[in-house]
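Presented below are the structures under discussion, each in the form of structure tokens.
Here come two complexes built around chain A, the first alongside chain B, the second alongside chain C.
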Partner chain A sequence: MTAPAAAYGRPARVLLLIALRIRLEVLEWSGTWWFLFTLVIQAVLGPLIGMFVWSAVYPADSSIATYYVALLLVTVMTESFEQFTFSEKIYDGTISHDLLRPQPVVITTIGTNIAIRIWLTVMGIPIAVLAAFAFGVSLTWAAALSALPVFVLGATLSFCWIYTLSLTAFWTERVHSIVGFGWTLNSLLGGTIAPLAFLPGPLQDIARVLPFYGMLGLPADVAAGRVHGLPPVLTGLAYQAAWIAVLVTSAVLLWRAGIRRYTVVGA
Partner chain B sequence: MRLLRLFGAGFSRSAQAGLAFRINLLFDIVLSIIGLFATLATVFIVYARTDSLAGWTETETYVLIGTFQLLSSLKNTFIDPNLSWFPENGIRQGKLDTFLLQPAPTLYLASLARSNPLALVQFALGVAVIAVGISHHGQLPTPGAFLAWTMTLVAALTVTWAMGVLLACLAFWAPRLQLDVFYGSAWELARYPTDIYRRPLRLVLTYLFPLTLIATIPTNTLLNGPRLLVLAPTVAGAAFTCLLAITCWRLGLRRYTGATS
Partner chain C sequence: MTYRAPIRGAGWRETLSSVFNRRYREVPAVQNVSFALAPGEVVGFIGPNGAGKTTTMKILSGLLHATSGQVQVLGYSPWQRRSAFLRRIAFIRGSQPVGGSQELTVLDTLQYQRLLYEVPLAEYRRNLDELTELLELEDLLQRQLRALSLGEKMRAGLALSLLYRPQVMFLDEPTLGLDVTGATTMRRFVAEYAEQTGATVLLTSHYMADVASLCPRLVLIDNGKVQYDGQLDELAAKLSPYKLVRLTAPNADEARLREAGELIEASNGTWVLRVPREDVARTTARLLTELDVADLAVEEAPLDVVIDKAYREGVG
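Then we have the complex of A and B:
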């Protein structure tokens, strides 16, 4: 433990370690701007296609483009790649290095996640501005700020979801397919292929309860000013908090079970 | 003929390797079905709110999605296993050196020698979706339309391969340029009728980066019958892109100096 870290309590120490990891990872990822740009392009494609499709269906409705520009921003700011940054370490055995450090392994994963998100946000904002300009969209600061609580919980939920799926790497080598399946659910029920309000009745009710809408659609809806009144936001926050609790518990249980069966060859 | 035999042998070897992992095969089948279901659900959701998407009816869009699925399957089976990450693997790590030493055309070895037969599962699903779409369309395509559709599919596959090779060729001049990821992302734009995109983008997708050819033109040909004004430029464009890719590859090889010792 570093001397400054030892001076703090446990939560403060964890936060300090995460902050240090974020700083380190931001610097490390700065050398791979081309790769990061490819990640941004992949992330923005779904919202852009959705925007083109629904703008073709409702050419006169400007709120659709506003929603999709907000969704584009939420998507790049909450992308998670733990199937690469975490699961690959299980496959190649390098997670052993993290296990030997006097800190929880997840700290490295969280630090990497936030660092990548910072870079994707920096690169994604110009694309969002361009899309907003092309479709004549103007997001208001008030609406964007009111989306902050649901955005923070959505970003946490998104990480928890992908991290939980990535933990299956302890049992299977098809983690990328599993995460791909999770991504499909997210696109379908999270608000990417269609805003939640456009889903057929029963599907809309199911999607509202499941965690995917809380990851993407809810923050985008609030930022776009499509949610009116406090009660729907509070209900959304409650669902987000409940799903975070479920996923964190699942992740802890999966980690404990997985690390027991983890073996690695080599020094 | 020799190339065909080589191709057959490589495909057979890849199929045997793929089938050895049956759980993975089952996994891929299930995921392909889920992916296709998600796409069809999208169409269902869109057409629950409208009768026409940029002039396309629901059944026409199902045929388009099936056609897109066919081409995606062929791309995933024969092109992606070879050309994805070519600048990294082929040029920067020097894998191309191995191809240059082998007694077969380098372009074939670099762009078509390996395959992923399991991805053909999507091909069967695509055929099923097209069949369902046509059965709901109410009018069976004529033999001429079917023949022209096959021609446009071959042209689309040729252009897909040629575009992949052209992007790979850029690595001979700029080894750090990894554009195939963008190609893979842009490919998704062909999943819907290109008529939904606004004019500057639609022109780019038609003439500069011909994704219209992937699904929109073949589907139009199948459902509305062949039109010489569409078929002739499609075939000529495919032949030109193919020649361009071969020429660029040869020019690139002249520049290549090897990365291994």
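Then we have the complex of A and C:
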């Protein structure tokens, strides 16, 4: 990393800056492992409750526990907290420091997001292993690898969703309520409260089109081997890509409008 | 630059009405502010609280988007925050000298800064050595940012900002909360940096010692408008048509001193007279001739007094 980054093309420079930020943020968050542990506990609670409830309702269906263990992993690996890591900076004016750096502000947000996810993954895996052991679940490598594309897009989608909601901090001081509402939709229609297959027919159809299933339920379903054949995966990928495009466009527009309103409180 | 602020009257009726019919008021922060800085100039940008100093600095550094007018810094429109522009400026605030990751050590943060601003390694080492010596950073390098005192944070903030050698520095209350030694170190450092690198510096401060020691030129702003733009000593001459003659003459007769000028201070044989500027030469000559004077000095009125007068009565 000693070579001048100007020698790289712009995408390479952006990747380098993100990598630098991730390194920095991993170091930064290492000092608050106990706080991260509370985040992991909060993240795994929903999938664990779902697993207990639905395994009790359908004791003969072993794929439910597999699904929820996969969902638990997907949840901890894709959690996003931009309402804290980004919106709070708007509220207290410390985003000014990011605005003065010669890089897009979102790079810092992405770096923080990935760093937290790395820590949550490290801390969440033992819980997933314990849950898998307790319920006799065995995830196969083949199924897990086949879920990789939908997982990557799901993780991106999850970030784009929370980041877009967090951008409303330019207009309101109630961003936590807005993100909380988004989180409720996620739990309801993303496959945490119930696997999508257990929802009533019309709701299931709607949920399949909305972005939430692509964030959580789809990667978990594929990893648990509950999706058969390539077409449903390709359809899921197409929905994910479409929603990412919609949310990225929304985020860009919100950022451009919001930054003009920014009044740099307390700085 | 205007802000749009929501307004409403008091009471239930007004509150309910505001739910459906929001009303706003345009609050002007700065109006018709116009000035230019030449490369290498060190300029004091002063005014009372709420005058619009920091808002102007935020516009100049690209943090705020001006609602009207034109701003150019180094040939760039600051609000676009082009990477090439941001690499050449630094905005250092006494209220928040260092931002970002507070868990990291100063050295970690400096290294990140090097990569972010693409400072070549040899130049980084040279600059770091120089900054470490000038700002006495040796003991701070291994410490976490969050554990630093305000003065230490200011030194670290200066080092972080100057590591990439910015051409334009915006200093907003850089000595805020610093003790005498810290403030003196900061002033000396800024003066040396500006002289060595030819950087342009715009400084706001409520401490007139900062302005007096660093800034030959002053831009005075009040109510969002420029009230004065010129040399500091000219402002002093304009607002204070008197000079102070301080003399030590233990055996002087007070009545004779009162004939020479307005006596404003007397203590253990040291006297301070307020004398009209045009009479200073004649008065000092007379005092030296007629009295047994051990020491005599002619001083400008304290800058605080001059600026206070400018704030209260305007420059005219």
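Keep this in mind: the second predicted complex is superposed on the first by the 261 of 267 C-alpha atoms of A that agree within 3 Å, B and C clash if a C-alpha of one lies under 4 Å from a C-alpha of the other, contacts with A are read in each partner's own complex, and residues count from 1 in each chain.
Basically, a contact is a pair of C-beta atoms (placed from the backbone, for glycine too) under 8 Å apart; a residue touches a chain by one contact, two chains touch by 3 or more.
These numbers were taken from a predicted model, which means no experiment stands behind them.
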- prompt: Clash or fit: chain B and chain C on chain A?
  reply: fit
Task: Rounding in steps of 10 degrees, give the angle chain B-chain A-chain C taken between C-alpha centres.
output: 90
Query: Can A:177 be said to touch chain B (first), chain C (second), both, or neither?
result: first
- prompt: Between chain B (first) and chain C (second), which, if any, makes contact with A:188: first, second, both or neither?
  reply: first
Message: Taking the superposition on A as described, I'd like to know which of chain B and chain C A:24 touches: first, second, both or neither.
response: second
Touched partner set for A:41, first chain B, second chain C, both or neither: first
Message: With both complexes superposed on chain A, which partner does A:260 reach: first (chain B), second (chain C), both or neither?
response: second
Field: Lowest C-alpha to C-alpha distance for chain C against chain B (Å)
entry: 8
Field: Contact residues common to both interfaces of chain A (with chain B and with chain C)
entry: none
Query: chain B touches which residues of chain A in the complex?
result: 34-35, 38, 41-42, 45, 49, 52-54, 56-57, 134, 173-174, 177, 180-181, 184, 187-188, 193-194, 198-200, 203
Message: Considering only the defined contacts, which chain A positions touch chain C in the complex?
response: 1-2, 4-6, 16-17, 20, 24-25, 27-32, 93-94, 96-103, 259-260, 262-264, 266-267
Task: Would you pull the chain C residues touching chain A in the complex into a rising list?
output: 3, 58, 61-65, 81, 83-84, 86-87, 89, 91, 93, 95-96, 99-104, 108, 112, 115-118, 120-121
- prompt: Which residues of chain B touch chain A in their complex?
  reply: 24, 27-28, 31, 34-35, 38, 41-42, 45-46, 48-50, 53-54, 176-178, 181-182, 185, 188-189, 191-192, 195-198
